[in-house]
Amino acid sequence: MKIGVLVSEGPYTHEAVDSAYNFVKAALAAGHEVPRVFFYHDGVNVSTRLSVPPQDERNIQENWTNLAKEHGVDLVVCIAAAQRRGILDKNEAERQGKDADNIAEGFRISGLGQLIELGIQADRLVTFGD
Amino acid sequence: MSDVKKFLYVNRKAPYGTIYALESLEVVLIGAAFEQDVALAFLDDGVFQLTKSQETDGIGCKNFSPTFRALGDYDVTRLYVERESLEERGLTEDDLQEIMYEDEDDDWAEKPSICVISRAEMADVMAEQDVILSF
Amino acid sequence: MSTLHTVNKSPYMTQSLVSCLNHCKEGDAVLMIEDGIYGGLAGGQMAPIVEEMGKKVSLYVLTPDMAARGVDSSRLLEGIEGVDYTGFVELVTKHDRTQAWL
Amino acid sequence: MSTLHTVNKSPYMTQSLVSCLNHCKEGDAVLMIEDGIYGGLAGGQMAPIVEEMGKKVSLYVLTPDMAARGVDSSRLLEGIEGVDYTGFVELVTKHDRTQAWL
Amino acid sequence: MSDVKKFLYVNRKAPYGTIYALESLEVVLIGAAFEQDVALAFLDDGVFQLTKSQETDGIGCKNFSPTFRALGDYDVTRLYVERESLEERGLTEDDLQEIMYEDEDDDWAEKPSICVISRAEMADVMAEQDVILSF
Amino acid sequence: MKIGVLVSEGPYTHEAVDSAYNFVKAALAAGHEVPRVFFYHDGVNVSTRLSVPPQDERNIQENWTNLAKEHGVDLVVCIAAAQRRGILDKNEAERQGKDADNIAEGFRISGLGQLIELGIQADRLVTFGD
């Protein structure tokens, strides 16, 4: 089955991101397809490569990046939500005249249409938020 | 399965205290371009999103309540509001904005987009969807 | 010695206002801000609880947050006073401490 | 046609579980995750409400979230079933749609 | 005013669902170095922070509950827990971790740090503070 | 009077940051001193200079930066909370081996001790959070 996932809260602050990660791993292990995880609201903050969690804690961004690499899950960060919150890729940083970008490998910034498309194409859509 | 799915946007939170109401509306506007079967549900504190006379200058946030009145132009014409949620909060339909759309199947007659329904009817609406997005 | 309590959540969604009122002392003040202003609505299900506590403590609502949400002062429970941010600051200075019920 | 509802908030702090239960249809399932698992506690004030609704819908609790919070399955209301993440995925596939009560 | 103030850390939220409980504890640990008069309050869902047998491997988060047992070493020895909050949740003091400290004024006798008090007593504790930090 | 302020939620996501800003402006206008605003939890996200809010919305970071400039308010971002969430200044970025930093002018990163110190020195401490 194709299961889409929506993540609506930020890393470390809310368990939603962890629940989504554990859920996606279990879905993949059960042989389902997770074509895309869409990050919205504070969920976009998962994608910053600048986070430095304490050594004895999980690294949420790295976990997702590795998941994308190993299983080809498309990690999409909402552009409108990302801009408000200061998440930029190289192109956006240049376009907006900012001197740095911060998105991590494995994530791509795109529009809300990718969420609607996921809702249309997936058999189920599961939301993790607050 | 047909290419058209039933999408329901469920709004349970008050406006301005958090961004969910505003960012929910942004999804609705973008989603309108996909020609799906779209409806919005307002229950619990979500009913506060539709109240009249919102004026945000004093807190410095953007007043997005007029956007609800533009939804008809995007062919988003069904806004279900839960009666029990209104009553619990001491509100009536008169406290809500008037939101109209032009019905192209009825000689462009102006019709109200807001439909106040009971909790049981809201449960029925939810149970017939393909995709439910919660905010 | 008295406390200014702030409540920023709707009492129709969370327990914060009730918990706050349960821990107030005579002479304290409760200021409802942000989504908390809905606690001041007359006619709602929470009104009797808030009204009862208003006998013990002074109840205030932040007017810019009311205006943002389209709540006119005529909709407030009797005895609740509207204050702007200047009034908020005054309440902070007038009471010995501020406690936020998040 | 049936729905899997997820609830991730404590019913002792917010209205989410009650609101969810008020909108369930016969044959639906409710999965309590994250802080929502406290909704499964026997002996608490919310227990009678949850128990009553359990007659209409199937109630589940996510066991990794229970373990994190030190809630042993012996503390759960009768009739509530524990599932792990694999069970969560199965519930999603078994029901026609998933609705999150955030 | 003396240089020593009464600080109360008020914990009303459950652990793990959100980060507030963990980051509250981080403030308490740093704050201990400032030699103020420090106490912690646990009420509403905050009482869940102190339960026994927390085991977080299944969700991948760090289990910070053992840190409460180390508070005594930082001279943080007063953890007020509200009885009504426990009762509403079907909990008793037996469900909480045993947290002890050594009383230097009493020949280093081991004493419990957790003090279960009534709601009215909790209100009294709150009313005698200089600074209240809420999490 | 000396009034300290603690901000515990992120920008745009929660009104807390706006309430704090409006409160601080009113306190300064009334002749009070606001020696420091401490940003904790998701509040640290206020300090990113990479945010690009829509043109018809307030720019929260710029508002705070201007307030610091005009009134000398000390804007302190908690280092532990900031590292988890990917907020870094130049020094921290170098120390952590990160290729970019994102803190805005007017904010400085420091320890939780600055919050305790504020509690000790201020006559009142007002918290804005969730």
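A, B, C, D, E and F label the chains in the order they appear, each numbered from 1.
Note that in this section a contact is a pair of C-beta atoms (placed from the backbone, for glycine too) under 8 Å apart; a residue touches a chain by one contact, two chains touch by 3 or more.
A quick note: this is a predicted structure, and the numbers were derived from the prediction, not measured.
Common partners of chain A and chain D, by the touch rule above, are B, E.
With C-F and C-E as the two chain pairs, more C-beta contacts join C-F. Taken over every residue number at the interface, the positions common to chain A and chain F amount to over half, indicating a same-residue contact.
Chain E and chain F have centres, each the mean of its CA atoms, that are 27 Å apart. If you average the CA atoms of chain A and of chain F, the two centres end up 26 Å from each other. Distance between chain centres (mean CA atoms), chain A to chain C: 38 Å. For chain B, residues touching at least two other chains, in rising order: 16-19, 44, 59, 61, 130-132, 134. Across the assembly, chain C contributes residues 8, 12-13, 15, 34-35, 64-65, 84, 97-98, 100, 102 that each touch 2 or more other chains.
Touching two or more other chains at once are residues 12-13, 15, 19, 22, 41, 57, 80, 125, 127, 129-130 of chain F. Contact between chains, using the touch rule, shows up for A-B, A-D, A-E, A-F, B-C, B-D, B-F, C-D, C-E, C-F, D-E, E-F. Against chain B, in their complex, chain A makes its touches with residues 6, 40-41, 80-81, 111-113, 115-117, 119-120, 125, 127, 129. Within the complex formed with chain D, the chain C residues making contact are 12-15. The part of chain A that touches chain D in the complex is made up of residues 1, 3, 8, 15-16, 19, 22-23, 25-27, 29-30, 32, 123-130.
Looking at the complex, you find that chain C touches chain B at residues 8-10, 12-13, 34-35, 38, 41-45, 47, 63-65, 67-72, 75, 84.
Of all residues in chain D, those touching chain B in their complex are 1, 3, 15, 19, 22-25, 97-102.
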